[in-house]
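Several structures are given next for inspection.
What follows is chain A paired twice: with chain B in the first complex and chain C in the second.
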Partner chain A sequence: MATSLTEGPAPGKFLTLAFAPRRGVLSIVELVVLAVCVIAVVAITNRYAVDIMIRTFLWAGLALSWNIAGGYTGLISFGHAAFFGIGAYTSTILLLRYNISPWIGMWAGALLAGCVGAVLTIICARLRGPFFILSTLAVGEVTRLAALNWRSLTGGSEGLEIAPVPSAIDMVFKSQWPNLLLVLAYMLVLFALSIWIEQTRYGYYLFATRDDEDGASAIGINPRRMRALAMAMSAALTAIGGTLFAQYFLYLDPTHIISPDISFQFALMCVLGGLGTASGPVFGALIIVPLSELLRGSLSGSASGLHLVIYGTIVIIVMLYFPSGISGAIARGSAWLWSRTRSAASAGMKNP
Partner chain B sequence: MDTLAQLLVSGVMLGGIYAIMSIGLTLIFGVVKIVNFAHGEFLMLGMYTAWAITSAVGGNAYTAVIVVVPVLLGFGALVYLLIIRPAVDKPHLVVVFATMGLSIVMQNLALVAMSADLRDVPPMFGGAPLRIGPIYLRAELVLGFVISVAVTMALMIFIKRSYIGKAIRATVQDRDAAMLMGINVPRLFLLTFAGGSALVGVAACIMLPLYSTFPTVGLNFVLIAYVVVVIGGMGSMEGALLGGICVGLVQSLSGYYIAPAYGQMFYFLLFLLVMIFRPTGLLGQRGTAMVGINE
Partner chain C sequence: MVQNQVCGVRRDEEPVMLRLEGVGRHFGALWAVREVTFTVGPGELVGIIGPNGAGKSTLFNLIAGAVTPSAGEIQFLDQKITKAKPYQVARLGVARTFQIPKPFRQLTVRENVMLSALRRHRTPRRAHAVTAQTMEFVGIQNLADTTAANLSVGLLKKLEVARALATEPSLLLLDEVMAGLTPTEIREMMAAIASLPGRGITVLWVEHVMMAIMNVAERLVVMHQGGIIAQGSPTEISSDPAVIGAYLGKNYVHASRP
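Let's look at the complex of A and B:
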């Protein structure tokens, strides 16, 4: 990219609209969407629909976790499936072997994943751009292969099964409701956390680290520490999602849990919704998960994979033409409407 | 001793194949400064094209190169014009995710069009292994190695001697200065991307007799290609050859002496070690890893 001498530090290095996301109409849209989610939980009773809702909210929470590292701090990771897998496997192994409740096990998984995330970020501190991305991809693969080959611990490719015996202590439930409430809570807590990050100075530290590292260290932020912190938080929260996943599906195997595809999904949901915004990952998951489940249902057999062709095409188009995603589009649209109404109002005042 | 010799030779041969598979990626990285996350799917397209030609028209995988290379050249040019060019001056994330979207599209189009069945070509040369002293090798592997080393060498000479090669090297060193010297950089990007894709076509023809073709075949190999280019140094042809041979050796030695399943894990660990201690790779351009690339 040609650097211009007249402008200051190169703007727009990142994809978001502005370094501090503007609230406003976007918050109204967010609140409406979240309220609809909560109402849907109460109103919908169809088993299939509830299953789709559980998946959607879980994915939304996972995408929000990814967004803390990838969106807010610019640490694009294609290895988050490793943290997801660490969370799922840690709590499941603790449950199956030592009979420790997943309610406790999930914190153990989160701690472990958080440490791995922090260490990864510290040792890859010098890497930027695609180099960092490829390293995270390699970490994901190493974790997958480790889980695949450490048979005595993880059961290898046969996977681990949690006995479907309902017990609140073991986080296994007879109906879908408790699972639905759990993942809804997971999503809402992460959403609140994201808003909190955006509004406090820690968020600004992260944005500064992402957008202009030298500038950030000049004003006394330690970029390395901020990066490690963000990645640790993101990894730990992803691990908790992993436990919730394991306790809902009751089956784990390395090929499906720790595949690069899972990591790509986290990233792509954020990108479609709007990277580095609190609502983006939620919008991304709310659109992608139900859509792909429904399309998979209706197109199955005749054209398996067709829904992913459509999905990939949308990703390309969004990336090239709407890089700030759905949230960006809403924010921009509302800003435009706002300026229109303002100018109309002032015009009205001039002509009595 | 014979076992060791066998492992070393087959590791090096395998490395040659990995090098030709990665050289397009490293070339594109060096010049255009982007990582094509659909690289593996380009390989998959090449392998399917070669398979379709051999089963519809006849001939073998090596003669199919006459069709596969132009197909990949054209496809690469198309992808460059439609997806890469609009994104090349934007933050690197745009290219990363746009090519990732392309990879999803290609993988699933292949799944829709060709189903998930494995496609193979019948073994050539009667399927009998080649015997050199105490070492047995698949003839296709040896031929593949010879072709890939020859192509890599030819490419290096081309880059060293020809006008286009000099323009490429100038652009790698300093894009803005190259532009000031009158090099048509946008056209060079197109040429490099299409040329890099054509090299994937060569790799596809070499790999078709050795591996099965299926819609996600690219993912397996692209991960190896990333390892190869990072170990060798992104943007370096010699590095790709060196990196390929490293990975081939690691795979064949650890596969025999430790456990086949751990072979893959070892080259990913090697990759991480290189990234941590020598992020520019063994023969890479200095500084690229630290600044990111699209700055």
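Let's look at the complex of A and C:
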């Protein structure tokens, strides 16, 4: 099944399978990692471990959402916490005030976030690079301040609390299991969606828009439309993650939900794992979330804050030595191994 | 409605692919292009020459929609494209290359060309076929799986041409595609460009490599300080005193002799 490593990926190849992560095709490495995730869900029952798993999968899904804008389209956003917050708050407010199920509320949140995302790119259509990033940072902060001060709607700094009364309709569960399955599904669906985007013509239009807007225009792609589409999609999917977050933790307050820290985390996971790849955000989340939990747990007594130092060091090392992230490192490593084995085989043929 | 105009009104006139009528553009007080009027007929291969800063690239940007004219009108086939956006002009069948190449850096050569083919062909198989043909025509098929970011300037120029051609345009705007090519590659590219009208592609071509454009273009338009100073066949142009004074220089007449 595996195609040769020298053959370029192309849209429309749906059934090819590669060994290492590569754009547009499913790889064995990715399948193994996802299979391990699924097995872990079935095998691990420890409450603390399950909690970490829920966070990990949720963050993986959120990072995958961010990647659609930041990785595929080059719309690096440090304001995605706004969309995350919109998702969390919309479904929660609908549930608490109007008794509308979060199963419906999450789509309302996604729609609202998608519209905000599209409007943001239309307003900032002329901004590029760092200027666009700054404008997204501002959107995040404005949203946070709005949530803090619009007390009648959001409860201000006191936050909103969802009553911990188990009910499947209200998406509140007695055990962690349903939450775990939900976030696992969220991650898997987003991973599949990312692979699909990489294969379609629209995915390629996004890459073209990211790499050169003038070049994209010259072949008939409307870059503004592509930017708006990508940002809307990314924002809507982030908002769905926000609802899942709210329904697991059952408590929201603006300072924690819509903080720049959250936005930076999305970006960091993608950069660490491999920007603009389907596997990168998953790898990033699988490393960062458990690591930061463990570090926080083990160091909080003796040296609080040290976990941030270790965390920062790892990020710097990866950015210096693996600029294309973990996903790119695996791809290069396997390509190197492949060429080694091939040259060894041809040498063997010459001198039997 | 639109078809009626084509069939009914303009029957007696020469068919026109591109018409520029008093086109001008100023940046502040400087008119980069002024009062430019000329037409290009279907299947023509027209060259534009002139010294640096004459307004050639700005003229291309005006036609392609990257810059909006301050004055005048531009018409492509039966449509006014004076205020059209670049992607709209491209969708009408005008492809362009950029003087400073603008490849999709993170994609491979094949993917770069494929993107153009995908604009027109919805089935991947057909797009693949067009991509393969185009890469071979330009001579970059060996580099199909190289990432565009790793290409040299000369190869990027070829990629520009391939990307433009893969959109299957009716009008192709070439902006200094010879810069950075070796003498052999220049001869190959000359042959490729010369064959384009035969494939139903009209060409408007800006070039500084005189040997190439003088031999391939059927008609030359000479620009100087934003305006057109001469038009005609390469032989007429190379002996035009105004052109020699503004651009070619006196030595050109001697140098171009075998």
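By our rule, the second predicted complex is superposed on the first by the 326 of 352 C-alpha atoms of A that agree within 3 Å, B and C clash if a C-alpha of one lies under 4 Å from a C-alpha of the other, contacts with A are read in each partner's own complex, and residues count from 1 in each chain.
In this text, a contact is a pair of C-beta atoms (placed from the backbone, for glycine too) under 8 Å apart; a residue touches a chain by one contact, two chains touch by 3 or more.
Treat the numbers as computed from the prediction; the structure is a model and nothing was measured.
Visitor: Examine A:267 and indicate which partner it touches, taking first as chain B and second as chain C; both and neither are also allowed.
Guide: After superposing on A, A:267 lies in contact with chain B but is clear of chain C.
Visitor: Touching A:251 in the superposition: chain B (first), chain C (second), both, neither?
Guide: It touches nothing on chain B or chain C.
Visitor: Kindly classify A:322 by the partners it touches after superposition: chain B alone (first), chain C alone (second), both, or neither?
Guide: A:322 sits against neither chain B nor chain C.
Visitor: Can A:103 be said to touch chain B (first), chain C (second), both, or neither?
Guide: neither
Visitor: Who wins on chain A residues touched, chain B or chain C?
Guide: Of chain B and chain C, more residues of chain A lie in contact with B.
Visitor: I'd like to know which partner A:138 touches here: chain B for first, chain C for second, both or neither.
Guide: After superposing on A, A:138 lies in contact with chain B but is clear of chain C.
Visitor: Intersection of chain A residues contacting chain B with those contacting chain C?
Guide: Common interface on chain A, chain B vs chain C: 10, 12-13.
Visitor: Which residues of chain A touch chain B in the complex?
Guide: Against chain B, chain A makes touches at 1-2, 10, 12-15, 76, 123-124, 126-135, 137-139, 141-142, 145-146, 148-149, 260, 264, 267-268, 271, 275, 303-306, 308-309, 311-316, 319-320, 323.
Visitor: Enumerate the contact residues on chain B facing chain A in the complex.
Guide: Residue list for chain B touching chain A: 34-35, 83, 86-87, 89-94, 96-98, 100-109, 111-112, 176, 215, 219, 223, 226-227, 230, 234, 259, 261-262, 264-265, 268-269, 271-272, 275-276, 279, 288-295.
Visitor: Quick check on the complex: what are the chain C residues that touch chain A?
Guide: So the residues of chain C in touch with chain A come to 64, 66, 85-87, 90-91, 95-96, 98, 102-108, 110-111, 114-116, 118-119, 123-125, 127-128, 144-145, 148, 163-164, 167.
Visitor: List the residues on chain A that touch chain C in their complex, please.
Guide: Touching chain C from chain A are residues 6-13, 201, 204-205, 207-208, 210-212, 214-223, 276.
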